[in-house]
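Here you go, one structure.
Chain nomenclature is as follows: A, B and C, assigned in order of appearance, with residue numbering initiated at 1 for each chain independently.
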Amino acid sequence: MATITYKEASCIYEGSDKLAVDSLNLDIEDGEFVVLVGPSGSGKSTALRMLAGLEDIDEGGIEIGGKDMVGVSPKDRDIAMVFQNYALYPNKTVAENMGFALKLRGVSAAERRKKVEEAAKVLDLEQFLDRKPAKLSGGQRQRVAMGRAIVREPQVFCMDEPLSNLDAKLRVQTRTQIAALQRRLGTTTVYVTHDQVEAMTMGDRVAVLRDGKLQQFASPNELYDNPVNAFVAGFIGSPAMNLVTVPITADGVRVGDNSSLELERDQLTRLHDAGLAEVTIGIRPEQLEMADSGGIEVVVDLVEDLGSEAYVYTHAGSGIQLVARSNPRTAPKLAETVRLRKHPDGVVHLFKPDTGERIG
Amino acid sequence: MTTTDVQKSVEAPVQKSKVKRRKFDPWGAVAWIVGLGFFFPVFWMVLTAFKHEVDAYTTTPKFFFVPTLDEFKAVFDQGVGTALLNSLFATTVSTILVLALGVPAAFALSLRPVRKTQDALFFFMSTKMLPVVAAIIPLYVIVSNIGLLDNIWALIILYTSMNLPIAVWMMRSFFLEVPGELLEAASLDGASTWRAVREVILPLVSPGIAATALICVIFAWNEFFFAVNLTAVQAQTMPVFLVGFIAGEGLYWAKLCAAATMAALPVVLAGWVAQNKLVRGLSFGAIK
Amino acid sequence: MTTIERQDLTEAEHVARIKKAQDPGVSRAEGWRLRGPLLPALIFMIVVTQIPFLFTLYYSTLSWNLVRPGSRKFVGLQNYIDVVGDSTFWQVAINTVLMIVITVLVSVVLGLLLALLLDRVFLGRGVVRTLLITPFLVTPVAGALMWKTAMLDPVFGIVNWVLSPFGVHNVDWVSRFPLTSVMINLVWQWTPFMMLLILAGLQSMPKDILEAGRVDGAGAFQLFRELTLSHLRRFIELGTVLGAVYLVNTFDAVYMMTQGGPGTASANLPFYIYQRAFLGFDIGQAAAMGVIVVIFTMVIASFALRLIFKSFSGKEEAA
């Protein structure tokens, strides 16, 4: 049973005065695929390395399968890791790379060969078994790194941005392969990435980190629908959610110089209770649509036509910039003045302007 | 237009551009001249070694002559064999010692750097800066008191201490080139630090270690100061032999050149053969 | 595992709490495990280099001449006073400084020119490089011997033969220009070293910077002066420092070519000390001279070491 629990885990780098990871609490279930996501410097890689034993747990603890890991060296943790730069042993062949851990455990050569060949078949590496890493392409090396991890049949997989060195197309392809593989093997996996698309598509649950602190740990849908603060709201979803700070009016907010947006009853009540004059509202681009009348008056700055859809970048008076999704055939033109309206099913998120905390 | 016509017109241009005339670079000629000039003393040394004595000592230098091996034979008769063996022994053993002490030291110094690392490195390099002359007197006294005067082991120990700082510094720079992730990956795979170093790091660093060993061999073989002061007859190395040879045979140039050739040639040839390693070592790994 | 109560600490307080709880014993043991492999080498060096030097310090306070046994006695700093008052010592010191400075300067400049030549592609480039590194490989005494006899000899030397069309006849280089002759040999020996270092610098320079310069309109000379030279600076500095360090100890060339002569015209400090100790048997004075040389070298060396570390740790971090 490989559950993973981070209990108030903190880590500080030698010679630094800033916490790389600050009191992280995560409860990961057996067989779950958890993604740690966040901008650079958010501590996600550090948190992963603490799990693998490559960074010290300076405070708090991490448990794997109920066993405390403080002071346990990496080689005794039964964890396999896929590194960002693959870290393949240059002087060993692919087969030797994949079989190294087994060799260290005293597994017989015949048994090793069998396991390596099995893993190679799954990853389509059979023809490369006798080659050295220098003679492989980036994508092939990545698969070898995965194979090295799989062969060990460990309790936990740790993956540190394994796709970031691949070209875009290969990245998408490999993404699905990794997700499918994990589902088949059922091994608990912790996966680090800065790419929120990877996070949303691969994870059972996603932990968003910022400056070493956990922001929210929930399923992708939950993060999308109910972000707990403005940072998560702006981080998840592409293009990013529109987040603007606007003054509150009697029945909504004023957007731009002469447009307003109506809000729900209970939203207004909560705003009133919070005693705020301004609020940060969030609307996703896909929930804004072109309208003939009503809505917010904006001027078009840029139209990005992606073929299947178009994104219209606009501004509504001083400093308010809004992005809306549109049909490419009916998209407006540059410098045109159009009106944006919230989709009937669309949600307006409300966040405190100073802390970013969710209000409603 | 048929398909074959299309193919032909596509293939033809590619053929033509393959033949590019190499321009004559005048600076290349300059380089050749300078190179030959620098090499000349060595060339002359080897050439003269094959001359009869009468051809060696002439007012106008002789480039054409009847070669002979007599002078080499004469050098052998004077007992160069012992010196050769001594040089070989001292060089080999001291280099092995340098590697045995230096590789672990360089490895330790290449791990997570801490101020103490800088201090240790500083210390190593500073020993190199101490003029050896300052220590020769007590060294002589100590060595003779221990009874190691005219003993090859005194030289071995001193050569090791002479080469160790440079060796540590060079090998450290090679260790630093290995990405730290490899050690981490090996650690996760279950290897102890020693095992990881042996199986993963050392094979990667071995060209660097070879380069360092070559530099050590060059300095040890060519060393003169310690050898001339601390050895007499039994533990004589080649440079000492050569100097002693001059005292006795000063006017016999062909013989002198033969002796000098035998003293210098082994290391010159080794350096030529392992030239790339040498260049790598001297530039601290900057040239691959 | 410690259970932590959830408190509202500021970041700084949190950091402080963690740092306080770190067990110094554990990290010290870890430290020893990591630094352990360093110890054998360190101890070896300390024993073999520092102990003799301590003895030198001790001997420098004695008046001790091996020729007069039983005359050994403590005289404090008298030896130093004698040495400093010895005009020959100062002349020799100046010789040493001249030798080092001029040799380094000339070999760096030559090395730079040669490196620039070798950086181009031409037929037989590898062979030329092989030829050029040979002086560095040749046993210094053998090389010095060749320069003294075959090259610079008044009657039979090649240099005189080559220069004879220019009206130079039978010049006894070694006797008339002893210091210069030794320096010629040293420059011949050390130029390959400088050349290799600078070549390393040239070949490690990213080519696209030069391309950018050319697009901006810079000519070859400007490219060299503005871009190449500043990149090479590190390597030139390293070569200068390392070369100077080795040259301080030059002994072979002086011994072989001139024996310091005529008189002490071409003696350098190592040779002079050697003379005092092994030919004059004056241990005390030789030791005192040795100590003075060490102090002097340490002062210069500490500047040099800082230079090396500054320029080369920067490189390692960037890599």
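Rule of thumb we're sticking to: a contact is a pair of C-beta atoms (placed from the backbone, for glycine too) under 8 Å apart; a residue touches a chain by one contact, two chains touch by 3 or more.
The model shown is predicted, which means the values in this text are computed figures rather than measured ones.
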item: Which of A-B and B-C has more C-beta contact pairs; value: B-C
item: Taking each chain's C-alpha mean as its centre, the one farthest from chain B; value: A
item: Distance from chain B to chain A - Cα centre to Cα centre, in angstrom; value: 54
item: Distance from chain C to chain B - Cα centre to Cα centre, in angstrom; value: 17
item: Numbers and ranges of chain B residues touching at least 2 other chains; value: 112
item: Numbers and ranges of chain A residues touching at least 2 other chains; value: none
item: Multi-partner residues of chain C (each touching 2 or more other chains); value: none
item: Partner chain C, residues of chain A touching it in the complex; value: 7-8, 10, 12, 17-19, 22-23, 58-61, 63, 68, 70
item: In the complex with chain A, residue positions of chain C that touch it; value: 1-2, 4, 6, 11-12, 14-15, 17-19, 21-22
item: Chain C - residues contacting chain B, complex; value: 34-38, 40-42, 44-45, 48-49, 51-53, 55-56, 59, 114, 117-118, 120-125, 127-143, 145-147, 149-151, 155-156, 158, 161, 188, 191-193, 196-197, 199-201, 203-204, 235, 245, 248-249, 251-252, 255-256, 269-270, 273-274, 277-278, 283, 286-287, 290-291, 293-294, 297-298, 301, 304-305, 308-309, 312, 316, 319
item: Contacting residues of chain B [partner chain A, same complex]; value: 112, 179, 181-182, 184-192, 195, 199-200, 203-204
item: Complex contact set, residues of chain A against chain B; value: 14, 52-54, 73-75, 77, 79-81, 83, 85, 87-91, 100-101, 104-105, 148, 152
